[in-house]
Amino acid sequence: MSEHLLSVKDLRTSFTTDNGEVHAVNGVSFNLDRGKVLGIVGESGSGKSVTAYSIMQILADNGRIAGGSVEYNGEDITKWNSRQMSGFRGKCCSIIFQDPMTSLNPVFTIGNQLEEAIRLHTNKTRAEAKARAIEMLTLVGVNEPAKRVKQYPYELSGGMRQRVMIAMALACEPDILIADEPTTALDVTIQAQILELMQDLQKKLGMAIIMVTHDLGVIATMCDEIIVMYGGRVCERGTADEIFYNPRHEYTKGLLRSIPSVERMKERLVPIAGNPINLLNMPAGCAFCARCDRAMKVCLDHVPVERQVGADHRAACWLNDLALKDEAEQRAAAGESAGAIQAATGWVKNQSGEWVFDPVAEEGGAEQ
Amino acid sequence: MSSEYLVEVEHLKQYFPVRTGFVSTTPLKAVDDVSFAIRPGETLGLVGESGCGKTTVGRSLLQLYQPTGGRIKYNGEVIYDAGDLDENGAPRVDDKGNPVKGKVKTVNMLPYRKQMQMVFQDPYSSLNPRMTVEDIIGEPLDVHKLYSTKAERREKVLSLMELVGLNAEHATRYAHEFSGGQRQRIGIARALAVDPRFIVCDEPVSALDVSIQAQVVNMFEDLQHKLGVAYLFIAHDLLVVNHISDRIAVMYLGKMMEMAEADELMNNPIHPYTQSLLSAVPMPDPKTARSRKRIVLEGDVPSPLKMPSGCPFRTRCRYATEQCAAQRPQLTDRGNGHMVACWNK
Amino acid sequence: MNKPLKKHLLSSQIDLAKFAPASDAEKSQQEVMSESTTFFRDGMKKLMRNPLAVGAIIILVVLILTIIIAPMVIPYGYDEILKVDGKRDKTAANLAPFTYSENEMAYMEKTGEKLFPHIFGTDKLCRDYFARVLYGTRVSLTVGLFASILVMIIGVVYGAVAGYAGGKVDLVMMRICDIIYSLPDLLMVILLSVVLRETLGNAISGTIFASLGTNMLSLFIVFGLLYWVGMARLVRGQILTIKENEYVLAARTIGTKPGRILRRHILPNCLSVIIISVALQVPSAIFTESYLSFLGLGVSQPMPSLGSLANEARSALQSYPFQLVFPALMICLIVLSLNLLGDGLRDAFDPKLRR
């Protein structure tokens, strides 16, 4: 038994395309504890959805997990065979998608599909499964559930369909619910309903949620902890308040600046310059370096390493490392030993007496 | 005849026949009696949920569809008249009060296409994948014969590309090689090629990533300052609309619910629908998100084929009364041009 | 001051200088756009990576080169009864592949001259079978290709008009299609080719078409009249979807006229589907031609086609099976490689299958 419910370690996922190998996820690590809501936020191409699909092992035919591990209750599920995985999906971990229309089979009734999902993982009889289906629909706030089970997906509205998807995902009481852009295709008023519902259900059923979205508003509403991804890597992670009020990565800062807000209504927006990353042409260093205003030479050819920048807050940005140099100088002036300074800041003087950055590997830190 | 307004839309109606039986059809009232006017150089934001008819308003305005009713004026000149309005813009009725339909009046749109342009939502489907950027931006120049030599055409295309922040060396590339934001820039350059005075922006940023969204919004603002174009900015993202618009109009099920100056609408929404719409926007701010009390609307938007009687919003409205079901509220001025269509507020 | 620490073996020390701001030029180097490709070039690249399609192309090229060049090299005509020393060689009937007739062997012994071998043997009328199969292949391929092109032209024009016009025009045009589709096509083909053969003969005499022969021409017409329907439906369906794209709407907003929209925006975007469908149409046309010829309704004697060769071989199937094997094999080879090529084209060019 491990301390974490789900533990993703150095996950790497790549796709073989006609134009070459695309590394969609490049070493993502995170832990998810029971009953927590983890938000993964990033733009298109940041690898956030691929991370979710890799956990469920539902990648497209040309994709594969190229490295790392996904541990569920201490067991590495990337080594499981397909039979074990189908037991995992639905029973331990479920996923809901952006477009509820395409994830429901149009030729079967709602009830049919729900019962099927239930009977797949439990040995309930048909009648029990039907009762459970109606119970689940009531739980997710579908009105007249007994009537709805006889309806086909096209007879329901987008919001209703997403509720049915949630009911289906939760039918076997999974420990983890992965929500991949669950409200992106919905209107604001319906989005508010679904978010409310997910919060309620989370309180009631106590499952852990991984919320994958590009919408910072949704993340702020739903999540305890947030991971910000860019170019298949984690830029920054921390509690919601830390990320929103004290961002320590230039990308997160830029992202927060670029949303129009009610308070600063008529002020000019501050966009992030440049274009989204081309996954076929990844920079050697920090994925964000080409768009970063404060990029340094080191950013171009060295991938920044994630470091603790506060309690419950980690970021991978060379600027944070540079900021530690002043501290190193002060400590040196105070006469601390070079070893202690290096351990604390990563800065050390080389033979010629110049400061160089040479961090001591954090204990269990860098790789988590 | 000139007027204070650049574009005027009076009682615009756009119905689409939907087959409901073997031979019978029911009109789908995508836009039902919508009026507004836009001054030169002004931005009117149009918000609403999917299916509320906001995109149809933009397309009918440019006569990509033939409107079922109403009148459209550009610079004071009537460019479309369905014949159901009298000279003062009031619905024409006979002695018994039944609506009368007169003759439809259309004009040759080609000269107006030079004045009124459109930027589309989907940067992926709005550019022809078999054409180079130069040809895409050059097409309006071809159609309106705005150049005399090949070199002049190229020069014009390149200056347009520079205007929207694209590199000249991208001219020979195909649309699929660009990212969403760059494609949207190409689409904007195409719209600007004829030097229009009015652009319908149909959800131009909703398909873009947040960081790119801001680039494009800024560009729209810059272009407005530089060229003095007026926008009808259609979007569902209230934060973006609020940022870019001078005035905002809110639509629900094909009808206008509220229209006011942007600040006024954000700070003092009167219509219950606008109120719930505003409160439903997830704020990118954890503390506000935690403390805020959301007005979560019950239920779904009714099907436009089975429109509720009276006020279309009454099925989801907290304040709905019998009057709302009996009679449809009209837009009335509540001071300072703040127009609201509601019986109770 | 402390003594500098020794550098750890695995660690990479980064100089302070590296923490200087990067210039815009350095940053922009990171942002490389992939090499420019067109849809066509991209598709060709993909096609060339498909081994089956490449194999099919090679077979087709070899075949086409053979049917063009080989008849110039071999000294026998397709309708020429073998002669030895200026006299008809009556002993040369039904020879097995790579054998000589008695007269030929006697002649070769006498003169020491080496005669060109009968690669596929001979038929019962003492004609070189290789030459006949080559000409038969020529005829079959020509019929297949031209019939498909004819089908394409009619189908594309008809489908494009119906699809773009929409509404009542579309309704009427498509009902006409349905009616043609509901005719029993084989019966129609047979009837038409019989009727046309009679009427065409007079009409074309003296024109360049005469050299093609009435049969060949009637085959084209029959194909053109009956098989365009499938193409028209396909094109119409494509156009209906492409019409919904915003770039078509954008073109209308600009003020582009319908003809130009069709030419510049819609047709180029269904081109790949049209090409794929033509590539798959050719083998089916070859098949139809073959069985029409097999039934004796195809090209007229002595002009061979693969179907008529198979028909002739049928009577002597027991004793000379090779006479059936060669044309049959040729049909298989052509149809198979055209089908593989068509599939390869679809994989490479169909926008729905891209990733």
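Lettered A, B and C in written order, each chain numbered from 1.
By our rule, a contact is a pair of C-beta atoms (placed from the backbone, for glycine too) under 8 Å apart; a residue touches a chain by one contact, two chains touch by 3 or more.
These numbers come from a predicted model, not from an experiment.
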- Chain contact graph: line, ring, star, complete or other? complete
- If you tally contacting C-beta pairs, which pair wins, B-C or A-C? A-C
- Note on the structure: Chain centres from averaged Cα atoms put chain A and chain B apart, in whole Å, by 35
- Message: Need the CA-centroid distance for the pair chain B / chain C, whole Å please.
- Response: 49
- Express in whole angstrom the distance between the two chain centres, defined as the mean CA positions of chain A and chain C. 50
- Note on the structure: Touching two or more other chains in chain C are residues 33-34
- Query: Could you say which residues in chain A touch two or more other chains, in rising order?
  - Reply: 275
- Message: Looking at the complex, which residues from chain C come into contact with chain B?
- Response: 33-34, 36-39, 245-247, 249-257, 260, 264-265, 268-269, 271, 351
- Message: Can you tell me which positions in chain B touch chain A when the two form their complex?
- Response: 49-50, 179-182, 209-215, 217-218, 221, 236, 238-240, 242-243, 262-263, 266, 276-277, 279-289, 294, 296-297, 300-301
- Task: Would you tell me which residues of chain A are touching chain B in their complex?
- Result: 43-44, 157, 159-160, 187-193, 195-196, 214-221, 240-241, 244, 254-262, 265-266, 268-273, 275-276, 291
- Message: Taking the touch rule as given, give the residues of chain A at its contact with chain C in the complex, in rising order.
- Response: 17-19, 60, 62, 274-275, 278, 280-281, 283, 285, 289-290, 292, 294-300, 302, 318, 322, 325, 332, 337-339, 342, 348-351, 353-360
- Item | Residue ranges of chain B in contact with chain C within the complex | 59, 62, 64, 109-110, 113-114, 117-118, 120-122, 125-131, 139-140, 143-144, 172-174, 176-177, 187, 190, 194
